[in-house]
Structures are given as structure tokens and as C-alpha cells.
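Paired with subunit B in one complex and with subunit C in the other, subunit A is shared by the two complexes that follow.
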Partner chain A sequence: MGAAQKAGLLPISKTLFHRVIYLSNCLAPLFDTTPTNATIVKYKRGPFYPKVQWYLDRLAVLGILKVRDLEYITDEYGTWMEALYFTNGATRQVIETCKGVQYGRQIEEYLTEMVFAVASISKRTWKDAALNDSTYDEPGKTEGAFIDFADPTNNLSVQTARAFQAVLPKGFIASPKEEMFLYLRFLESQVAGGTR
Partner chain B sequence: MPLDSDTLRNIALSNLNRVPPGRGDDIGSYIHAILVWLTEWAVASKHRTNITPGYCAFVLVPEQAKHDPPKGAKEAHFFKEDKTPILGGNVYITDYALNKVYRYSGKCRDLNEIARELTKRAINDRPFVAFDVEAQMVYIYASGMATRPTSVPLRQEIPYPFDVDVFKAMLDDIYRDNLKYAEPYPGLWHDSRERIPCKETELIAQSHVCAILKARAQGSGLSTGKWLTISEKKNNAGRIDIAIYRSEHCIVAAEIKVLRFRHHNADVKKAKKVSPKFNEKWAKRGARQAQRYKESEPSDSGVLVLYDMRDKNKDVQGAIDECKKRGITYLRYYLHNGIPGAN
Partner chain C sequence: MSLTRIKFPVLKSLRIEQYQLFPGKDKKGITHTFLPGITVIAGINGLGKTTLLNVMLCCLTGTREPHKFDPYNPVGGVHKMRSAHVDYFSQRVLDEAKNATVDAEFYFGPDVIRIKRSLRDMEILGLWKNDSKVDGDQGALRKAIVRFSGAGDEYDFFYVVRSFTFFLEDKVSLIWNAQGQFEIFRILFFGPKQARDLAQLADEIKGIDSDYRNRRVQLNRDRQGLEEATRATQDLSNIERTVQETQLASDNLRGKLENHQRRMEAALTRRTELTEKTEKIHLEIEEVTRSYQSHVETFFATAFPSLSATTQLILNNLTSGTGCLVCDNPKPEYPKAFLQRASRGRCPFCGDDTTKRQAPKMDATKRTKLRQAEERLKQLQQSRTVLQQELDRAEAEVGKLYQERSHLSSEYLKKKNLLESLTAKLPPTTEERDKQRSEINRKQAELDALLADRDAKTGDYKKKLDVGRRTMEKLKERLTKSFGYYAGEFLAESCTLSWEPTMRRLGQEGELLSFPQFTVEMTSALSQATGSPRKDENQVSESQKEFIDLAFRMALFAAVRDEGERAMLVIETPEASLDAVFVEQAGKLLRRFALQDTNARNVVIATTNLNRENMLRSLLGLDEAGNAKGKQEAPKRVINLLTEAVPNAAMRKYRAQYEKSFYDAMKAKK
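The block that comes next holds the complex of A and B.
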């Protein structure tokens, strides 16, 4: 949330928040970081973590996050709650406390890079980028499929990000950050190309 | 699904120059983002006739991003993507990544009017980048208005084909506009009066030069994004400080060395002097490195770039001879330790 504010992603919609979390889980191995959750069920509304939503709402009720434009919508997929989340003074205090420990700093470092990679692509493609993710959108994976990318051979997103290495000038070693930024540009082009 | 390598190559070559040099929420990355945006804007503007003249400013106020527009400002939706022609005269409040942008419409015609506008809005202490729309000159105020700006020209056409002479001309520009005198940004001096360089001087000089070269490459008519500036490129002979590619062919492999009067030390009294012999040895080592890079890459040309922070503006004959012997281009830029006219 701290990085999202600096990158202009706030207030962030519930949908986008879950999708950014999904991408951060998927691409964590690029930074030798352990994803908080390496499995997900392919859901009709795109990547969604019920547990994260529970925490998100709890933080909002505790006043650590702010929430606005709460609405219940009913569409072809059923009923759904949508809202916009943003930070306040309490959020900043929590973030600062988390950064007081090594693990918190590492996670913050990674999430900052991740959020800025998302922020670097066109705003018009933010929402759909995760839907075009190589792992999530793998042919044959239909709604309700259990996606497990804990095993590197199943993590097509990281494989695609690393594939950029092969097309760069010989000898140039792309950093994990460069791979991640290029991968997000790849997702942006997929969205713009109308693959979904 | 097999990956289409042409697609990946296209994406990589078109976007690698855009990747910010540091953490996304670093001031250097913000300046890089603005420079890239402005070069792309400049390219898009070539075919437009409805450009509003004047000066504009991009002010970094990331905490504003989560709020509604400040009084008197309007949100500029899709600012990053749309490259508006109505740029001159306005002041923009932005986050680090140009996603949340608020516009104060104004009629700023010069830097003084920008300064007045920022003072009126009480944001004159924020890092900002001013831009002269007609002359296409960028002024970077990395620490707000209290410091002298660093200027970067955007408009000069980059000759084609790109060769070592073009590279030299670009370094000349960067030197003249940003490095010649002691500037707060990129801040190569720890104590300019005592001629003490900052920590990791070579790295800072390298990242500054690279940031400008990358920004100019991005979206420049010459490259259509295919001209790559790579720093710290690894090859069999080591790491090349700056490598310039076009269509995957290395045109220039450059080694940067800094000649010092004193070593860095936070305590001025403890900063030891650097002997002329050491500086010459250091420069000659740079020439050998440049030759190795040139041969192992292979590159069309190898360049030794010396940023000279010594007390006397004098060529290093040993390095000139070494470069001549090895077929390396010798470039030396003398960094004055004061404001214009002080040296």
C-alpha cells in the first residue's frame, strides 16, 4: 500500500489489489523471495484471495486502511462487493513498524519494485494484465482449475520473464528488476493486442 | 505455448531503456521517468501544430496522489499515456510514476514564473523538473528551488548513423550542461572547495550519464526504441561501464575513470591527496580496459572517458599515448569545483 501510494495506484480497487498480489506471488522467485501463496483457484472474476480480502476488510474496520465507494453489484457472475482502498496515517505507522524488522524490509523492497513495475505500464491495462499472465492464462486451465506454481516448472510467468535474457545482446545479464519490468510490458502488449 | 522470440525481442529492445535506474521511489528514478516521458512527448510533438508554448513543471508530491485534486487543480487523467500537446504554462503535481497527475493550468512563460507559481502553492521545496516547451530544454531541481538546476537539452537531433563521434558529441553536451561546474545534482563533489569527490564518484557519474543517454534513446527518432544504452554490461573482459548498441550490434564500449585531487573522506582533514602518478596509472588502466572491452565484445570503438577532478586542468600524456597505442578514443572532461567563472 505504501508503494502503491508513491506510484499513484491509490485509491486501489479491490479487484486490482488482488491482481497485483497475484502477480507479486507469481514473480516472487525472480527476486528469490518466497511467495506468500503459491497456489490459487482460477476464479471467474480473475485472481482473488478470500483470506487476503478478510484481512483487508479487517484492517479497514480497524481504521488502518481507509475504504470508500463501497458498492454491491450483481452481474452475470453473481453478486460482488467492490470498493476502493487507500492509506492513512495509521497505515504509514504500520508500514514503518514492519520495516523495523529484516523480513519486513525485504518484503517492502520486493513489493516496491513489483508495484512500480505494474505502475510503469499503461493505466488502461492494469486490470487485465494479470488475466493475461502466462501461468494464469495457460491454455487448458479453465475456471475452477487449481493453479500451483510452487514448482518452478509450473511457473510460466517466471519462465517468460527469464526468456527475455535470450533475446538481449549477448553477455548482457538482465537484472531481476529488468526481467520483471519487461514481463509487465509483455502483459501490457498482450492486453493491448486483445488476446483477452 | 511457445514464446515468440520476435515479440520478446521487440518488447525488450523498446523498453529496456525505460526501466528506472534505482528503486521506483527514488528521486533518480523519478527524474528518469520524466526524462523518458519528455523525450517521447518531444517525438510525438514533431507532427503537431497545436502545442501550447511556455514553461511547465512536474513537481513530485506523492502524498497528494491518494487525495482529490488540490484546490485550483484538475486531475489529468491518463497523462502518462496521452502526451498532451497542452503542456506549456502548466504546473503538474505528480507521483513517482506519473499515474496520478494534477494540473494547475497557468501561463508560465519562464523559470521565474514557474518559481512564483510553486512558491504560491507552497511546493517550492519539492523536487521538480521544469521544461521549456519551445527550446525543449529540461531543468532538473532535484532538491527543490533552493539549489541550482541541472539542465538537459532534448531537442538536438541525434545524427544517423550513430558512431563514436555522435557519442562524443552527446558526452560533450552532458558535460557542458550538467557536469562542468559543481552542481548539486548529480552531486559529484562531497566538498567542492576542498576538491573532495563524493563517495563512489565513478558510479554516480556513470549512472547520471547513462540516465541521460537512456532517456534520449527512448523514443528518439533515430532509434525507434531499438538503440540501447546498457551500463555494467558483462563480457569476458569484465563489466563495460557504458555500452551502446543498435540492432544488437555494439557501437561503443566505454570505460569511465575519475581523476582525483583527493580521495573521498567525510572528514575533510582526513581526505588524502592523490598523486599524479596514481592518476596516470588509473587512466592507463582505463585505456587497457576499454581496449579489452572493444575486442571481446566486439565493438566498433572503445572509449576512455576521464572525468577530471584534479586541481589543474591538464591532459594525462601517459593515457593519451596508451589510448593511441591501443586504438582507443581518449576523452577528458575537466570538472570545475565552483560556479561558472570561479575557475
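The block that comes next holds the complex of A and C.
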């Protein structure tokens, strides 16, 4: 949420929040970071982590985050809760405390890069970028499929991001950050191309 | 008749142009014609005296030198030349000497050889013999210079010039270094082809000797290995039994590991399946919960339309039994109580009767839906609990299996390493030993052949050596006499040469050969009547060491050439090792060599430092009675670097003092 605030993504919808978390898990190996969760069920509403939602709501109740526009909607997939989340002074204090330890600093640095990469693509493509992710959208993976990308050979997102090296000008070595930005650009073009 | 076919180079004229170190007093470079007798290169430290000597040397030899050339071990390498220090002159100047040249004329016997080289890389720009241009590529021109000198090859020419004609600070001592002395004898007295053959033969013998010793070390190692292997066969059964046991234990462990791997794969699959199921049931609970909450939320929103989103979150989660967002309790008590209170128009939290409010209506259909959702949630939560327990067990199983595998792998590796080390210790089979034995015999036969070849070549060398020795015998008397003549000028003690062939080998092993050699005997305070042998340079003083070596060269020149033949000695700062009182004698010695035979027109070129003005005067004989001609010619016999060389910092600062020193030194009468 701290990174989203810096990148101008706030208030962030519950749906977008989960999708950004999914992309951060998937692309973590680019930065030699271990994903907090390397498995996910391909869900009809896109990447969603029930436990994350529980803790997101808890943080709101504890006053560490703010929530507004809570509503229950019913559509073709059933009933669903939507809300907008944003930060306050307490959020910043908690983030500063987390940055006091090395692991916290590393995660914060990585997530900031990640969220800025998302923010760099067109706003209208933010939400659908994760749906076009190479791992999530792998051919043959239908709704309800269990996606396990702990093994690097199954993480098509990282493989795609690294494959851009082959088409870069001779002598130019892409950094992890550049690989991630290039990958998000790729997802943006996939969304814009209407592949989904 | 001359005893040598070598025509020693003698400098006739020198012209250096466009070299930034030597702009010359008229900015046209240095031009000098060398009169017979002494020529002095005068200067101070850092003005280029040594560089000028090297220009003269490299004009003859170029920048090529023998492989691994070491003046203190002159025959340590082989008699082969290679290109070295190509940028010696170019790196000393800012323009890399791109247009700088040296153009010099040398007498080679009766012929005048003119050599012009680029100082950038010492390439030969032109070669003339008695004004006739010699054509050819660089290799051909180099060979022509060698041919004009009468030397057998480039190496021998280099050695004559670098180690005999030039007497530089890093030189091969010809009297104190037995090998260095024989090297010059070989070149001077064996004729070009024989000298070359002898050098090649010595290189071959040394090569064979080295090869023989290296192979013998390897062969001895092989023999030792075979002996150990033969001994080891005696307790072979013990080792074999241990190997078999270890092999068995290792196989057993490998089997366990493979079995374990299967268990591990099954446990991991089980864990993945359970994770998948758990994640899916979480999603389903989420869906049913949200459906339940949406019904409840509509109900509360009617009763309390201004509730904050945070309060709604708490209330909805408590009523749906999802948990308490305040304290993280997954199973809060009485979740229905909240709903019942609210449906009766009471505050769901405190139960206060809020009769003024319109009690929310909940129709039967909605109640049924809520009940169904409630039932479904209950089932799902129970399934989740069971699944979570199974997942925890599966996790624990995977953890336990990882620990077991780590232990098994470590045990297996230990056994495998032990097995490898035991197998390596197993002696070879009889068949393998026979093969090794036959290989050793073959190598021994090769060694024997090498030895025979070395001995045959040494015999051949010995015969060739004997031919040269006969020439040396003729030389003995002339050389001893000449040495006495020159040494007597410098040394107060009586110093004579002694013919004392030495026994040494060409390689580290092989037959001892008798090499011709002259050594020195000299009287001293303790043995005034008869001299004692001085075989080592440490047995004389520093100045004696240098000047005995110099006297030996002069004697050698005098002994090998006929009257009228020219010779040249180029000496770097002769005063360097002298006490002040010997400066006069050193000057006389060099003058004696330069002037002793008026027909010979010998040339002596010596550098001197102006700080030691006596040397300059002594070399030019300015204080010598009856040397009117010499005094008159003195300015023509000096290359004055104070005016010819580019001034360095000391020169710029103390020019007046240095010029006065030079002027005072050159005065006709001191």
C-alpha cells in the first residue's frame, strides 16, 4: 500500500490490489526475492488471495489503513464485495518500522519497483494486465486450474521477461528493473491488442 | 697471418638526425668523424652518454639479442636470436623517433660498411659496402652485415660486438667468466662454420641432457609405482574384501535413497493436492461468505444507514461467522445474536431497544437463503478444518523426509568417497602390471638411445674442440706477452696470464671436457716474488677486476690480428670503478691501446662524466709531455653532450658551472 501510494495508485480497488500482489509474487525471482506465495488457483474473478483479503480488512479495522465505498455487487459470477483502500499516517509509521529491518527494506524496495512498473503502463490496462500474465494465461490452464510457479521452469512470466535480452541492441545488458518494465509494457500491449 | 677471420667493426663516422635527445649544437643532430686514437663522449648524468653508446651498438646489431641473454651467464640460453627492445630509442622521446635516423660508417677490415637505420624501430634503411648499395629485405641485410664481419652467424656477430668490442657496464667478463671466455675463443679461433657447428652441437647436447634427465625422473617414478603395485598384491585379499563391503554398503544406501526419493515425491504430490484443495475451499468460503454478508448488509443498512465502512466490515464478518476482525478470533461466540438483535430493532452490539427505529423486515425467502448459506458455510468450514489438519500433517511429513534425505545423502557420499579412495588403492592387475613393465622397458630403451646420442655428440664436440685448441696453443705466447704489456701500465703488482684448461661438462651430466682457458696470477703484499692464482673476481679489487678484464681484451685484440689491422674498444665510463689515483693510469692504458701501433689506427671510444675531469684530460693526454699534436686535435676528439644533447633539469640550472668544468678540463695546460 505504501508503494501504491508513492506511485499514485491510491485509492486502490480490492480487485486491482490482489492482481498487483499476484504479479509481484510471479516476478519476484527477477529481483532474487522469494515470493510470499508461489501457488494460486485460476479464479473466475482473476487472481485473488482470501487470506490477504482477511488481513487487508483487519488492517482497516485496526486503523492502519482506510476503507471506503464498501459495497456488495451481484453479477454473472455471483455476489462479491468491493471496496476502495487507501493509506493514512498510521500506514506510513508501520512501513517505516518495517524498513528498520533488512528483510523489510528489501521487500519495500522490490514492491516499490514493481508498483511503479505497473503505474508506468496505461491506467486503463492496470486491471487486466495480470489476466494476460504469461503464467496465469498459459494455454491449457482453464478456470479452477492450480498454478504452481515455485519451480523456475513453470514461471513463464520471468522467462518471458528475461527473453527480452535477445532482442535488445548488442552490448546492452538489461537490469532486473528494466526487464520488469519491459515485461509490463508487454502485458500492456497484450491488453491493448485485445487478446483478452 | 691473422689468427682469426673476424673483421672487428671500427667506427669511422656517425650521424644522428632528428632524434629529440640529440638535437646538436646547430640543431642538425650529431655528426662526428672518428679519428684514429681516443674519442671521448663527455657529459653529465642524464644527458644521454649510455644512449649514445647504444645507438652505436644497435646500429651494428639492431635490437635483436639471444634468447634469455644474460651477461653473467652468457651460454645459459641457446644460440638463437630474437627481436627485443624494438622501442628502446622511440620510447625515450616524445615524437617516438618517427623520423630519427642513425647513419654510420664502420671499417670491417679493409672494407667500409655504411649502415643507416631508423631509430624508431632500428629497421635498416640502407646498407652500403665500399659505397655500393646492398639490396635485400631486412633479413638479407642483417645477414649481409654478419657476412661482412666474417662471423658464422648473427649470434656470433652479436657476441663479438656486444661482449668484446663494447665494454659496457653490464658486460660478459672475458677473464673472470670461463664460459664467456670460451665463447669468444670459439668465435675467434674456429672459423665461421666450425664455430657455428660447435655452438649448435653444444645446444643439442644440452637439450639432450636436459631431456634425458627429465625422462629419467619420470621413468624412476614409473618404476617405483610398479614396485609398490607388486608389493601391494601381497595383501590384495584384505583390500578387496574391504572394497566389496564398502561397495555393498554404498549400494544399500543408494537403494534407500532411491526408495526415499519415491516417498518424497509422493509426499510432495500429496502436499500440493492438499494445498490446491485448501486454496479452492478458501475461495468457495469467500464466495458464500460474501453472499451471506450481502443479505445481512442490506438488512443492517436499512436499520443503520450511516454506519461507517469499517463498522460494516466488523459487523458483516461477525454475523457471517467468518471471524472477528478486531481480535483475529476465527470463531467468535454467538454470531447469530448480532443478527437477531438487529432484526428485533435492537442495537446489534449492545441490545438496546431502539423502538423509534423502523424494524428491518426480512422476508421468508431471504431467511431461507440465509439459512442455506449458513448451512453451506458450516459444511465448508468443517471441510476446511479437516483439510488444514491434513495439510499440516503433509507439511510435517515433507519436513521429516527432507531431514531424513539430508542424513542419507551424507552417509551415501561418505561411503562413495571411501569406495573411490579404496578403489584407487587397488593394485593393478597382472595384465596391467605387465603392460606397465613393457612400457618401462620401452622408455628405458629410449633413454639409453638418448644417452648414446649425447655421448656420441659429446665425442664429436671433443674432437672439434681439439682442432681449436691447436690454434689456441699458437696464441698462448702472443697473448701472454700482450697482456703483460697492457696490464703493466695499470697495475702496480705484477700480473701475468696463465694457460690453464678447465674441465667442465656441457650439460649437467656427461663427460668432462677440457676447455681452453686463461687465468690470472698476480703478486701481492704477501707474495711479492711469485704471483698467486686469481681465479675469481672476488680475489682482486673492484678496479683491478675491471682493468684486468680490459687488459685481457686489448691483449686478445693484439694477439689475434695482424699488424695494420684495426680494432675498436668502446668503454662506458672507465672511471666508474676507480679511485682518483688510478685515473691517470687508466687513461694511459687506453691511450696505449689506441696509439701503440700507428699503422693499426685503433679507435677507443670512452664516455666520461665531467664531474671527474681528470679522466677527460687523462684520456686525451692533455698533461702528457710532447703530445702537441694530441692537444691540438683534442676538440676533434670530443663529443660534447653539454652542447649536443637536449639539456636536462640539472643542465638548465647549472649550465654555467658545467660549461666551466668542461672548459677547464680542455685547457691545454692545467
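In the analysis below, the second predicted complex is superposed on the first by the 196 of 196 C-alpha atoms of A that agree within 3 Å, B and C clash if a C-alpha of one lies under 4 Å from a C-alpha of the other, contacts with A are read in each partner's own complex, and residues count from 1 in each chain.
As a convention for this text, contacts are C-beta pairs under 8 Å (C-beta built on N, C-alpha and C of every residue); 3 or more make two chains touch, one makes a residue touch a chain.
In this text, all values refer to a predicted model and were calculated from it rather than measured experimentally.
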| item | value |
| --- | --- |
| Subunit C versus subunit B on the shared subunit A, clash or fit after superposition | fit |
| Touching partner for A:Gln5 - first (subunit B), second (subunit C), both, neither | first |
| Contact breadth on subunit A, by residue count: subunit C or subunit B | B |
| Partner chain(s) touched by A:Asn154 [first = subunit B, second = subunit C, both, neither] | neither |
| Partner chain in contact with A:Gln106 - subunit B first, subunit C second, else both or neither | neither |
| Partner chain in contact with A:Ser13 - subunit B first, subunit C second, else both or neither | neither |
| First, second, both or neither for A:Val41, with subunit B first and subunit C second | second |
| Superposed arrangement (fit on chain A Cα atoms) - minimum subunit B/subunit C Cα distance in Å | 11 |
| Common ground on subunit A, meaning residues reached by subunit C in one complex and by subunit B in the other | none |
| Of all residues in subunit A, those that touch subunit C in their complex | 39-41, 43, 48, 50-51, 53-54, 57-58, 60-62, 67-70, 72, 74, 78-81, 83, 144, 146, 148 |
| Interface residues, subunit C side, partner subunit A - complex | 272, 275-276, 279-280, 282-283, 285-287, 290-291, 293-294, 297-298, 309-310, 312-314, 317, 322-323, 325-326, 328 |
| Subunit B residues within the subunit A interface of the complex | 1, 3, 5, 7-9, 11-12, 14-16, 18-20, 23-25, 29, 62-63, 65-66, 78, 80-81, 94-101, 228, 230, 233-236, 243, 245, 248, 250, 297 |
| Footprint of subunit B on subunit A - complex, ascending | 3, 5-11, 86-87, 109, 112-113, 115-116, 119-120, 122-124, 134, 138-139, 160, 163-164, 166-169, 171-174, 177-178, 181-182, 185-186, 189 |
